[in-house]
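What follows is chain A paired twice: with chain B in the first complex and chain C in the second.
Coming up: the complex of A and B.
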């Protein structure tokens, strides 16, 4: 009887998923497959839509991939992406953890955490494009807020200081881009971690307190293990976001300063739309980036998934036990 | 006894020191957060000459005259904030509505009905969450170009019907809050499945919808990558694409105008944030814990 009913309604399951499936096939699946195909063709030139597979024009099938992987610019972009991400992520997770520890501390009961949370989170909703250009003018040369500050400080000590062109040197550019990224995301990460800590049962903390654990011990031995899951989640999303970094470096520096801030995503866009219209090479580069992201996130998701399932199994067992007791 | 009191008082002193450190660092970070925006605001009221004298001064000799002049400079070139606003508004509003509505519908399809490919479909949604936008970009552009749909805002709106992340979140919410008994009793009352979804399930999901709608809106409003590639007509540009013009050579020495242009683009976001910040911050927390 029950089964019959379920069969009756099954068609609505299909019906209600149709819009998603159609939109997914049209706007994601088809373009992904098309991108993969273009990677193996000779498609280039503005406004050109005709293409041939590379072997039919007498070239190696993987020529585009080879071109990308051996290109110095791509290698630099790939390295830049990682450097910028690491310089952004380490302080981001560090400060987020520090503020989490402070704002959730049961003994000091810091006031105004609500306000600080709202303030720290704010840059996250501001358009990244705006932030990039804003920091670009603030780090301007010869006149910009930061040059003015440093010159002012130098003046106080009786030293005359030449204005420094932050945006013309390799490392300052990378570090500033990483900082803007940090500036935009540390509040977001902090809010996530705090929510995780609030979700921990207070009894665990009470037990730790009774056992005589101090603040530092409680944080490292109780809090962090309890929010590992969320930290992994933050890591995965930040890594995928970081490998796709585009807005901030593109508008902060573009290809200036000898490609100091060029990321893989910028490289892909520049290949296709930066004047050379090498769609095939751009497609090959995005397939490479895609494979890297899939491998990395599969590894991280595997770590996440395993623990989730273990937890679910435990829960199910407990439920079963409880149900038996109830009977 | 006296030992204990000494210990207690030293603990108390440490507590106070810690608290002072917490407040100082938090205030430093607050200043760090606000500083760029204060600079932007102050310099929007300055003439180029004044900006070149010092960026840091917070006042100007003729603030409103300068403001008017900076505004003129902005509008004399390609940066048209209101066109950008209108386009961004259209794109963000339509895509948010589609995104949230169809994500609810898809999540409901997975949660409420038992169908043959349900688990496979659900697994697929989990898997495609990590497809980065970049890998669709070249193929998408080629297809759109072939069909002559470049510069159509609908090409930025329609893809949001399939938002795997939001479906995932909505389904988790449904798992916790939807009881099939309500659905069954509505069926007994003779309501159709589609009507049940619109009149019972959607109202039930209001809190999740509010959270996801805010993030979908902000995400769409701030998106630069796709619009930058698809929109070349200056009357179709969304706000972030407009903003990217401020970086070009056309405003190179008009510092006051650049700051004003940036300020204009930030102002609505800050006003909205002032009203919704509490919900937004809570929403982030909700999303993080659930995922």
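Coming up: the complex of A and C.
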């Protein structure tokens, strides 16, 4: 009897993925490769498209990287980026966990959680420009909401208080930017965590309840370990987003206040389009940032990897080996 | 070890849905009580109310004469085994079993002793350092049992603990749990929708339907003397045959007639409850094993014999099921002895009912006529 040839549907999958692959190659892969290449060239100047690899013009291949890494402005931007991210991420994850615990607690049965979730997520759908303008108004000088409040309170106590220029000092600028980032993203983080908790079988929480765990114990000993993968996702995406921070600090303060709000991405933008058109240096800075993100993400993935899965695979291999030996 | 008492317990949800109605039950110390019934009958809700995982709308639940309506689950001295095991995925088997004890700040030595002892009973000592992910369904089930055992609770609650296991493992674990009950000498309350589990494991069975208790009895009593058609049909596999029949009384003799078949009932049916229904329709119940094709029996009992067409024969090894049709319209199931049965598909066979093992139910109320 002749075997009927099975229809291979795999080719249709490849066919349908062609538009994505083309778009990815054109708009992601090519720019990334081009950026890597430009980092080793002398490309600079408005409208200039001609470039040469640095050794051909008598320079070290890594000269652009050296220039970036030794630049005081880049170092400051890098430091700022970390400070702003840490001051944003710690309260962000803290509040997100707190609200997650509250909204998912089956014992307290909080009413109207849907409304709260929408309200808390709302800042994430507001544009960065709107938020930047809003906070500029709030922390305006000499007239601004906070200055007005402080002056009003001071008046009550019979004290005359001069308006404080929040945007002229380094730390207030950093803290305000970090707060705006926190305000914009804590709802988003909370939704991710809630999704993770909802995925846990309710019977696990009931088992914990019967075992005698109180709410705090249940949250820290059962809930958090069960959403470890979601936590990893939140941490990595937040880290990447944080190191790529651009819109809020750019729109809120730019390079004012002695570059208090300057981030690495702003530095890259300023190198390329800030007047000097140093495309090569901007590309080198981009590559440095890319490498830092890859290394840090890899470290996080390694630290928070599913060790049980690895152990399980090892165990299964051993069992398989033993079974084969037995045969 | 504890006794339990449910007194007029109700569970009403918002929107008017009543999951459990007027549930009354006393469970003696060391009893193995099974709550059985179809999906949505309220058995799991009842167990969860006992566990403290659901609020009680009305009534009282007592554990050892202590009303536990407002007592937290952790303070009820109960342990529960869930349908999907509910093991903590990030903890090892040892930690899963020790979790409740650690929360109670028990000394480490005592925790280790209890975990080892439970692991030994359940033969999972070699699995103590594994995570639940690395266990089979049966092993997970044992760990879930172990987690309950180490607590040394007054009452064991089990919510369909064998439902996720394959048929073979289910039989094995059924035996294990029964042994465990004998060994621990503790009160067990076990929920299942599987009547085989109920019949084989329980010392007493509570049959539920639509939130109401239908009957509470020993497995034998439930099987032999069901109080209504629901219990009669729910307990037993294959289920009881129900036939619309008419009672005929001739002198002191009582007959039931259906589809041109007349069966004479034994003397014990010549009682007032039956006699007064002369000419009335009743539901005639007969279990498959009470119908036989054994030629000797059929010949010796012409007063309960009839013929039927054989539609299907299912040979199961130790027994054979005959699916027959009486008079071309009434389907019946018979469980016969494969060593003596000669019946084959397409044949017309002579059958006889063991009239000592029949049941009569009221046509309207579906309650048993003879209590």
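Here is the rule we use: the second predicted complex is superposed on the first by the 290 of 327 C-alpha atoms of A that agree within 3 Å, B and C clash if a C-alpha of one lies under 4 Å from a C-alpha of the other, contacts with A are read in each partner's own complex, and residues count from 1 in each chain.
Going forward, a residue touches a chain if its C-beta (ideal position, glycine included) is under 8 Å from a C-beta of that chain, and two chains touch if they have at least 3 such contacts.
The structure displayed is predicted, hence computed values, not measured ones.
In the superposition on chain A, contact of A:24 is made with chain B only, not with chain C. By the touch criterion defined above, A:71 reaches neither chain B nor chain C.
By the touch criterion defined above, A:312 reaches chain C but does not reach chain B. Here chain B and chain C are compared by how many residues of chain A each touches, and B touches more. Applying the stated contact rule after C-alpha superposition, one finds that A:228 touches chain C and leaves chain B untouched. Once chain A of one complex is fitted onto chain A of the other, the partner contacts of A:165 are absent, as it touches neither chain B nor chain C. By the touch criterion stated above, chain A contacts chain C in their complex at residues 201, 203-204, 206-213, 217, 221-222, 225-226, 228, 308-309, 311-312, 315. Considering their complex, residues 6, 9-17, 19-24, 26-28, 30-38, 43, 47, 49, 95, 98-99, 102, 107-108, 110, 112, 114, 116-123, 125-138, 140, 143-145, 148-149, 152, 183, 187-188, 191-192, 194-196, 198-199, 230, 233-234, 240, 243-244, 246-247, 250-251, 254, 265, 268-269, 272-273, 279, 282-283, 286-287, 289-290, 293-294, 297, 301 of chain A touch chain B. Chain B meets chain A in the complex at residues 15, 18-19, 22-23, 25-26, 29-30, 32-36, 39-40, 51-52, 54-56, 102-103, 105-106, 108-110, 112-118, 121, 128, 130-143, 145-146, 158-159, 161-162, 164, 167, 193, 197, 218, 221-222, 224-225, 228-229, 239-240, 243-244, 246-247, 255, 258-259, 262, 265-266, 269-270, 273, 277-278, 280-281, 284-286, 288-289, 291. Interface residues of chain C, counted against chain A in their complex, comprise 51-53, 72-74, 78-80, 82-84, 86-91, 99-100, 103-104, 130-131, 133-134, 147.
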